[in-house]
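Each of the next two complexes has chain A plus one other chain: chain B in the first, chain C in the second.
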Partner chain A sequence: MAGAGGGGCPAGGNDFQWCFSQVKGAVDEDVAEADIISTVEFNYSGDLLATGDKGGRVVIFQREQENKSRPHSRGEYNVYSTFQSHEPEFDYLKSLEIEEKINKIRWLPQQNAAHFLLSTNDKTIKLWKISERDKRAEGYNLKDEDGRLRDPFRITALRVPILKPMDLMVEASPRRIFANAHTYHINSISVNSDHETYLSADDLRINLWHLEITDRSFNIVDIKPANMEELTEVITAAEFHPHQCNVFVYSSSKGTIRLCDMRSSALCDRHSKFFEEPEDPSSRSFFSEIISSISDVKFSHSGRYMMTRDYLSVKVWDLNMENRPVETHQVHEYLRSKLCSLYENDCIFDKFECCWNGSDSAIMTGSYNNFFRMFDRNARRDVTLEASRENSKPRASLKPRKVCTGGKRKKDEISVDSLDFNKKILHTAWHPMENIIAVAATNNLYIFQDKIN
Partner chain B sequence: MLSKGLKRKREEEEEETLGVDAWWLDPGHPAVTQAPPTVASSSLFDLSVLKLHHSLRQSEPDLRHLVLVVNTLRRIQASMAPTVTLPPAPSPPVVPSVTDNLLASSDAMLSASMASLLEDLSHIEGLSQAPQPLADEGPPGRPVGGAPPSLGALDLLGPATGCLLDDGLEGLFEDIDTSMYDSELWVPASEGLKPGPEDGPDKEGAPDLDEAELDYLMDVLVGTQALERPPGPGR
Partner chain C sequence: MSSWVQKGSSGRLLGRAYDLTALRELARLPQSTNRYLFRAAQSPCIPYRRVAMEVQKEAQRIMTLSVWKMYHSRMQRGGLRLHRSLQLSLIMRSARELYLSAKVEALDLEAPSPPARCPDPRLHPPREVEVPAACVPPDGEQPLPEPMDTQEEEEAPPRAAETETLVRCSPRPARVCRKRRSSSLSDGVDAGLVPSKKARLEEQEEAKDSSSEVPDCLPPPPAQAEGAFPNLARVLQRSFSGLLSRGPAASPTAPPARDAKPACRPADPMLSVLVRAVVAF
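What follows is the complex of A and B.
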């Protein structure tokens, strides 16, 4: 499997063989702005898959139970619940409209029959409870079957209501609303491993919340300069460590990552560790800073590593080594010579996300032309795949794609200038335990599964 | 050219490995070898200034986008004329608070006024050569002299305009409707507080005001008291 970034050998052994499983969303060419998917997230078990869109809606898919007669065909994801999480708001004080677009969704670990998730737009975070109702009480004394109140004087006998089964109903209700704590746009939320607190980060500040308390939050990072004229750097992403509840990281627009320990002080403006790779002088350009800006940071499941995504690459860092990453994977190096055009059309500011697989042996991130890239860290192989309706036959294997960077274009290759920069894959998610991936391509959600086992 | 939404047809003979717009970055390109390096940088400079304008015009600018564009502008500016340095122009106190408001509170009214101001400035001089009278400025995109070390988003434009006018940016405000300055955020340092109309002539023409009235007047001027109909004769 050869990718644009490096060589490879034919598939075999432990290699993934990705097959199309499902695609969700409208087929029309005309994409409604509100339907554009803005976040994708599996829950802790992988049975639920949530998406948020620009219209402020959340759609949750649930994996069907496996069919015993066809053990090789895994459960499909079908719509479980749909609800309007955020509405457009108007800030009267500043005369500003607040977008309803869902920036991030994060699930809480499941503690009872109900499911909880946090969803956020630019300003407000909400805790949603998604619960099932499959029983209904019948035989009330004070009201009729259709709900009308009965006249108490007409009641001559008392009965005990009984529970009867009903069609499954999935209800989503907002349990907490965490508002008015962010002056700037929220870019990240992250649930702590203590399952009691979470952080929210905007361009200049990071706040710590308790899930039960909505009327106050603690500010733990503040990089706003006293004089805004001196502003040269913003926070781009933040995440809690998966196991150490006192540790979190945040990335910046200058390509740096700071690791902070909340035990050291209340305000974590001084970092415990500072991760930055020195700039390569040979590739310096006017756009060096923009392309070094980190758009996503994710800890590995093990907690030993973290991964950062900048415009052209994905880097894996060992938390014990601050001066350079342990791995650098090129996502679409062929764009380096096009940076000027990409600056002109603003594509250079696109924020791509990245994700780990359950065992931390592979990482995935998106690119343009509905391509996405997967890097096998152990085998040191990478592959470019495409999410498109043309490759959407059930259980059809995905063919690796290749971008031609110059000279004669081979058959089945696509030249850099033919790439569609409107078709960007910014959001991807990997099932926490199995080889199932969800890829958001504008308004469509693609689900791919690994053929093996 | 790679622009948003345009899918180029597959062309087998496509030789260009660079986008059309990036020709100036290709050292092998004949135009680049002949043209002075400032030409390429100045086009990028203009593009960046346009982006900055556009960003500042938003009611709530995307801070990340703004900061990245400003930093890129600084890089370009620094590379264009590294040897020439401008004497630091006196920054009117108004400018930092404007920037602060823009970036912090996104006051829509202020943004609108600053946006129109930026528009006027760009028509005036193309944001290039600094110490030059308005009359003979060259075409837009002329390389800018070295910038003073710390620059805010608007400071990039501030020193240049400051040099155009003797009294700095405030001169530009003279013929602008000043009712927008009556809000608390916009107190220009040089003007001080405006005394009430009836107080002025009376103050001068009535030297025998008693102390209580003077105290009252001082309180009104300092703003600790709301204006009431003052007691006493002659008003």
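What follows is the complex of A and C.
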């Protein structure tokens, strides 16, 4: 099966053989706007997978324990908890509706039996505690089994309540609400490696919070010009360094990345490092400015590299080299000649995310037509795969896809004009340690696993 | 072409050196969203001036589309998004610059000159530089859109020039050829957009030229701000109006001023349309 599926060339880098594992979500052709997944994130152990959608809901999947009777099948992800994180709000002062769409979810490292995550919409960040309850106390003296208070005069004897097992119940409760700190729309949150602070970034400002303190935050970056007419760029993403708790980066709409060190000053308006690749004049076009806008920035797990995603490419930067990236991978270069049409249908504004694998040897990002791309940094190979219901047989290998850019279309190739630009994969996540990936295709969540082992 | 673009009326108005690459880029824009026209062969039948006209129309279309998108973005849930607005304004500015470049280019090519009739291709690269430097007759009152009855003079040299410049990018010229035919259908639509406003705006332009208080001539922006982003309408209005008033005034030397002034004036109605559209929000 592996031979037939992969053909001569393995499907992916590092000899990955990606196979379909699961798909979550409705099968309907009619997609409700509220069900569109807007963020996907594994936790630190990879046992939990959280998704947020446009309706403000968070759904958490938990990986089942390995089944000893079927050692070859990996643990599946099943729904663990679902809760409404954010509700639509109305800003009366500005007469604006605040969308409940979850922009980002970030897990906190686990410190006790409960799990904590941060979820944010455009204006408010919430810290949620997800805890299990599998026992309850029975035999209270002052109240009945159904909760009603007993008449004190009827109590003739005392008893000690005992704990009895019950069906597992997973509760999610908001422990902190960090509100009213952002004038513009929040695009990123990032938990610091000190596990005590985190940052939140909107279009013009970045704020530093302490997880315990909700009524105060420190502004560490402010790029708002004195005269808004002079505005030329906005912040598009920000992230803390995975190991150095004083370092963070933020990307801009002009395709630049700034690395800031919080030790140098309280306000990090002046960067410590400035990463920018000089523009190639031969590729300059009418839409060059807007396609150079960086939509996502992610540090590698090692902390040595970072990856940025702009509209057509993914770039890997060495933190020690500011003048150009060490790697540039084209995601869908065939779209460069279509930019005007993509502007007309608003696809040119899509914000794609990207992610590293656990060992930093491979990177992944999404594209259109439910395609996603994987780049093996060591073997210098890349592959295009598709998340579709047609390939959804259990443990079916994913076949590499190819887009035909002109000339004769070979069999199994798809031409650029046939691509469905409504089916876009903006959010993907890679398990921190194993080769399991979660791919969000509109309202469906696909989980693929590496067949080997 | 880069050189005279930078010598425009004001450094800021045509500050970006959009050269022929950009014009060609626009020239090969597809007519509709769903049609991607790939052409392998060049077509020598289109005079270069027509290319410039097509580019103008495309730029106009993109500007209109951008304004529509900006309006639409205010209606969506969550209000005006700063990043999106910034990107739309960048596109509008680029489209405006290209429009102006193409406009001047088209005006330059209209000017008849006997040496230009020489079909020798070797003369064309220098000629391309010379023509813009020549005095453009102050035909600022020429109405928009480009009149269809303009004679196709100098067909051979512009064609050769176009062939020369377009040879680097193979898929485009044939598309331009196809485009010319189909765009004539849309001319009526485009023409409808601008001339009806031009009559009203002509009076305003007189007022603008006489007084430097440009913002006063335009209706005040609506009271309702865009929420978080302070008054995009006012920002765009001031930027565009500032450029309108600064345009003829900030020219460093006389010939560029003469070049620029007629270049600016015919475009004024388009810019004013834009400003009006934005202000109306």
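Basically, the second predicted complex is superposed on the first by the 439 of 453 C-alpha atoms of A that agree within 3 Å, B and C clash if a C-alpha of one lies under 4 Å from a C-alpha of the other, contacts with A are read in each partner's own complex, and residues count from 1 in each chain.
As a convention for this text, contacts are C-beta pairs under 8 Å (C-beta built on N, C-alpha and C of every residue); 3 or more make two chains touch, one makes a residue touch a chain.
The structure presented is a predicted model; accordingly, all values stated were derived computationally and were not measured.
With the two structures aligned on chain A, chain B clashes with chain C. Of the two partner chains placed by the overlay, only chain B lies in contact with A:Arg409; chain C stays clear of it. Of the two partner chains placed by the overlay, neither chain B nor chain C lies in contact with A:Thr156.
Of the two partner chains placed by the overlay, neither chain B nor chain C lies in contact with A:Asn323.
Residue contacts after overlaying the shared chain place A:Lys94 against chain B and chain C alike.
In the superposition on chain A, contact is made by A:Ser418 with chain B only, not with chain C.
When both complexes are overlaid on chain A, the residue A:Gln65 reaches neither chain B nor chain C. Judged by the touch definition given at the top, the superposed model places A:Gln111 against neither chain B nor chain C. By the document's definition of touching, both partners, chain B and chain C, reach A:Glu229.
The contact surfaces that chain B and chain C form on chain A in the two complexes overlap at residues 94-97, 183-185, 203-204, 228-229, 231-234, 236, 253, 285-287, 289-290, 293, 337-338, 340-341, 343-346, 349, 406, 416-417. Note for the complex: chain C touches chain A at residues 21-22, 25-26, 28-30, 33-34, 36, 38, 62, 65, 69, 77-79, 81-84, 86-87, 90-91, 94-95, 98, 171, 224-225, 227-231, 235, 238-239.
Across the complex, chain C is touched by residues 88, 91, 94-99, 101, 122, 183-185, 203-204, 228-229, 231-234, 236, 253, 284-287, 289-290, 293, 337-338, 340-341, 343-346, 349, 406, 416-417 of chain A. Taken together, the chain A residues at the contact with chain B in this complex read 94-97, 183-185, 203-204, 224, 227-234, 236, 253, 285-287, 289-290, 293, 337-347, 349, 405-406, 408-409, 414-422. Within the complex formed with chain A, the chain B residues making contact are 1-5, 7-12, 14, 16-22, 25, 41, 44, 47, 59-60, 62-65, 67-68, 70-72, 75-76, 79, 96, 99-100, 102-109, 150-153, 155.
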